[in-house]
Amino acid sequence: MAAGKETVGGASSMRRRTDRMMHWLFVGSAIFVSLIIFGIILFVGNQGLKTFADPDAGVAEFFFSTNWAPSEGEYGAAGFIIGSFLVTGLALLLAVPIAVGGAVFMAKIAPSWMREIMRPAVDLFVGIPSVVYGLIGLLIFVPWFSKMFPGEPGFGVGPAAVILAIMILPTVLSVSEDALRTLPRSLEEASYALGATRWQTIRKVLLPAATPGILTGVILGMGRAIGEAMAVQMVIGNAPVLPKGLGEPTSVLTTQIVKEMASIFGTTVNNSLFLMSLILLLVSLSLILIIRLVARRREA
Amino acid sequence: GQKEESKNNNGSTDTPKQEELSGKITASGSSALLPLVKHAAAQFQDKHSGVTIDVAAGGSGTGLKQVAEGAVDIGNSDVEAGKEYEGKGLVDHQVAIAPFVLVTNKDVTVEDITSEQAGKILTGEISNWKEVGGKDQKITIIGRAESSGSRKYIKSALLPKDKDFAKDAVVQDSTGALKTSVEQTSGSIGYMDAPYADDKIKLLKLDGVEYSPENIFSGKWKLYSVEHMYTKGEPNKVSKAFLDYIMSEEFQTKEVEGLKFIPINKLKK
Amino acid sequence: MKTKLTDKLATGFFWLIGFLILGILSWFLWYILSAGVPHLTLDFIFGKPEEVKAGGGVGPMLFNSFYILALSLLFSLPFGIGAGIWLAEYAKKNWFTDLVRLSTEMLASVPSIVFGLFGSLLFVTWMGLGFTILGGALTLALLNLPVLVRVTEETLRAVPDSYREASLALGSTKWQMIRKVLIPTSLPGLVTGITLVAGRALGESAILIFTAGVSVSRFAPDFNLFASGETLSVHLWYIRSEALVPDAMSIAEGTAALLIIVVLILNLLIALPSRYLQRKAAGKSS
Amino acid sequence: MNEKIRVQGLDLYYGENQALYEIDLSVPEGSITAFIGPSGCGKSTLLRTLNRMNDLIPSVKITGSVLVDGENIYGAETDVVHLRKNVGMVFQRPNPFPMSIYDNIAYGPRIHGIRRKKDLDVIVERSLKQAALWDEAKDRLNKSALGLSGGQQQRLCIARLLAVEPKVLLMDEPTSALDPISTLKVEELTQELKEKYTIIIVTHNMQQAARISDTTAFFLNGVMVEHGETDKLFTNPSDKRTEDYITGRFG
Amino acid sequence: MNEKIRVQGLDLYYGENQALYEIDLSVPEGSITAFIGPSGCGKSTLLRTLNRMNDLIPSVKITGSVLVDGENIYGAETDVVHLRKNVGMVFQRPNPFPMSIYDNIAYGPRIHGIRRKKDLDVIVERSLKQAALWDEAKDRLNKSALGLSGGQQQRLCIARLLAVEPKVLLMDEPTSALDPISTLKVEELTQELKEKYTIIIVTHNMQQAARISDTTAFFLNGVMVEHGETDKLFTNPSDKRTEDYITGRFG
């Protein structure tokens, strides 16, 4: 018995050390994980801002000119910035109604068997790799747009937006569904008890009450769309100009980065890629901040 | 089994007694030169089982950048390394000559254009096939990215001085993708080296001359460019052996023409 | 009875959307699978790629996909789970915790092409590794990290406090509580989350094109960390521009189908069962 | 007095579990009926069958019939929406919509087709007055209803219901979340409303039942043990179990 | 009898709100002490200060001291893990781990370093016997503990605690979730354990306190109103408030 006590005592001092060690490992992990993003911002930002060390590349030019011709010393990236927002906006326009409708359907209308089918289906959408979406865009939507708009090559914001819309559909849908499903049942009951139909209840009570959550989903989808590179690169045509039509080639920030990746580190073109990355980063980060604001308003 | 194999590889590099070559070479860059390098790599690897050669495209610019930065051993390019590579220690190996052609989608009815018309089409000055004798059909230019050697070459060969390609052209990141796009897009025109041309697309005559090897040798067909393979500094043993093989009599005479390239010594530029 | 009619119409409309969503998915699956599955011979799936001739396979790419995925998880799991545990079990409500949480969210929102740019510069150029499986896996790990952190934190939070109290009241240390009670209880949730991460990593291309490269080792399988490692997704992107092999289109179709099948299998074999376990565990503990 | 509601041989199941057994009940028009009984005995469940609120729970199965104004509301051609407009409900926890006070009250009239601002204004004012909330609310009609106190919120919910002019009010423990003063106000309200409406109220509070109801029904384990005049049931119950319950021997 | 626990001038705050005021309490070794008082008076809070379970709630602030075996457990060099091994706790709702019955009991010994199967077998059997669960559980030791009934689960939790051989047992309403028969079993158990352990039990049930405890402490709004021999406190309380409470005048 005495011997047993001793081993217990020994073990206990050791496990206390283990406990403390693990604690520090966890703290270490947390610190490490949170340092990465600052590392990236610092690095990308620092390298990106070097673009302006070149007298050919002015701040105003970069942000407000659409003339991109590095070989002639023209570094106007406004076209790519506009393109990014344009494609993202179109994608949202296509995706949000379907996603929110799907969310309402899954949360409030679909019988449980239908829900059981749809949930894994929505998950599968997320699982499809973006290059596969790109391939589908290339094989289906590019020819389709070229047929729809004769004379246009079909590469452009049209197929890019369609593909992105499908890619972000599941994100917007599942976040919105969550928001609808977690609304207190009492709201619904109150509306029904006043003789409202289901559609009236959905439109006038449930959707307004779930708006902050749905907004969060939309913003998350927006972040995904604006950051997608490979799928878009395969269908957008990659011309460094503003688009003249849905099936006319243009470029966005991400595809421009892919395209100019072949430039040498330290040159102005290469630095400008980091600057474009910085813009993407800042947009993503502000989206995060917006989500937080929305969430805070929801709590209040 | 794999482990043993790699051990053997290591052993062979360590012990000079063994003659067998082994090691890994990575090459990237010009998609125009890609067919030749890939073919050579396949043959070379058959001869030397200890050697691995990875070849990727991405454009001449990518090849030059990556070899200069040490990301790959060999950088392939359609054009000579420019000023920005001065002082980076790149060593040039000229390996073949690549003929270039203008191609269109099969629905284009024009057969023949002049060099001047070609220049105007590619700069966007002419935007409809009817302006060069075809039907009323919009011209879609499918081109390559800034990093492409083909682009640089065609620009120097066909475009008026100080003019660049039309900016609203569709841009593809390699010759293969360009070919597929021309094949898919009605009214399109593009440029590439002859090895890629097949019967799914249409070759244009230039100034009345049809592309053929004979017309090149006779000097009638003017579009061709020297292909380079760059190493950073003098090549290491394996890379050197590989480059030597490409330059060898055997490869240059037996294989190069079959690939629709032209042996480097056959044309004196 | 206009309102009733509207209600009926609306209901019909929502059903339509439901079917539209299912329709789009089935169409995609059918399109990809029907085009690709005929190419999926054993030779294709496990064979070596051809450089110039037709009839090459994607064996090394398939291997690289899983090898890089496994390595990236190996690199990211300890830190991701560690940070998740810290957030769920140790973090106090203060600015530091807020900062960790905010920066994790920020990391999650970084576009993958930015990771690709970052990784290519860090590993390929500066460290002079060239295109390597190691560099690819390390960069890919950055993509996994924030999701792992969130999944770990969420599943741990879902464990009822009564388990924590019970363990501590028996004189366990916090680490013992985490290891012996919390992690086993939340395992199904963790597995689901890791599957999610794995699915995303398998499909990733933007990162790997610029870090692991677009070619494969001659030897398959090649465990060499410093070999270049093209994965299936990357191959699909690259083959599109690779019109050299005459059967590029069939290879692209076959590769796409194979990717989808891998994702399907991952979902059916791991995610669904563990989700079921998760639901069961939740039912029991409540 | 006319019979407003008649429940006949009602059995109700949640999935496998039976929650109500053979309920027979008749509620006269213009009266207040109280449902009392220990927790879980089925009071809420029965109340919710009267306006088919249980339809929202997929597992519920019902046999027997419920007649409102002589018509079986579980019949094939019943219009549930119309039924719920006639048989309104107030819940245990106040559940105002996250909108302004005005919009809360106007919600019902609007969904029933009243659009003109003038008409709505009249309805809002009248309903709030009926629910004794006008004085407290008139200056903040456009403020969010979530800013009201619990008692005010519950009266708002009653006002919201009155705005659609139902015939029957079902109230499920409407005061259990309220402080004594708010409770008193709501109780007074029921007395005023009684003239125009038929009211059924579930309560845990026997004093409340005694104070405000005309008849009381006592439930136990899904069975209606006794239903009779409130005075008699509290002073001279005919069933032993009722007596045990109201004297506090269990529950 | 020795003094096992001594609480001195203990104030406890949840954030801004003070939940305990100037508690002074002495608990002799080998006795059963009952904490009684209306809901929210601070019984659980005080109990949880005795093994520093309140450490888990970040907002808690404590002043004053708690001595166990003469040592201040809020002192700088206290080993909380060691403290909790000595001062064990049983919770209001049974909280078995989602593992087998055997693993539940063996959990404590294992974390304290006992690995050998033989030793563990002995401990499991002894603990289950002590908790009067052996007969019911011996044939299903490897089955999940979640399959046990509520009463069995609670006894399992007690057995799990006994397996680490604490000196003090803190029990927070251990029978409130149990049926009368299970309650009886747990009460009997406390009587048997009393010889070897010091027990403090929180209960809502005054009969239970009277039946099983040696001394009783009555709390009201965070203040310990009275603490004394159970017999005396229930028959002849010295404080008016205690009397009001035990005669059911409030609470």
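Here are some notes:
Just so it is clear, A, B, C, D and E label the chains in written order, and each chain counts residues from 1 on its own.
Assume a residue touches a chain if its C-beta (ideal position, glycine included) is under 8 Å from a C-beta of that chain, and two chains touch if they have at least 3 such contacts.
Model, not experiment: these values are computed from the prediction.
Chain centres here are means of the Cα atoms, and by that rule the chain farthest away from chain E is B.
The greatest number of inter-chain C-beta pairs in contact is found between A-C. Taking only C-alpha atoms, you rotate chain D by 175 degrees to land it on chain E; that is to the nearest 5. Per-chain CA centroids place chain B at a distance of 83 Å from chain D. The geometric centre of chain A is 16 Å away from that of chain C, both derived from CA atoms. Between chain C and chain E the centroid-to-centroid distance comes to 47 Å (mean Cα coordinates, whole Å). Mean C-alpha position of chain A lies 37 Å from that of chain B.
Counting partner chains per residue, chain D shows two or more touched chains at residues 81, 111-112.
For chain C, the set of residues touching two or more other chains reads 3-4, 7, 125, 173, 176, 240.
Multi-chain contact residues of chain A (touching two or more other chains) are listed as 15-16, 19, 197, 200, 258, 261, 265. Touching pairs of chains, sorted by label, consist of A-B, A-C, A-D, A-E, B-C, C-D, C-E.
Chain contact summary for the complex, chain C toward chain B: residues 51-52, 124-125, 128, 130-131, 213-219, 221-224, 227-228, 238, 240-244, 248. Chain contact summary for the complex, chain E toward chain C: residues 51, 53, 56, 58, 81-82, 84-86, 88-89, 91, 93, 95-99, 107-108, 110-112, 146, 157, 160-161, 164, 166.
Residue ranges on chain C touching chain E, taken from their complex, read 92-93, 160-173, 176, 180-181, 184-185, 281, 284-285. In the complex of the two chains, the chain C residues touching chain D come out as 2-4, 7. Note for the complex: chain D touches chain C at residues 79, 81, 111-113.
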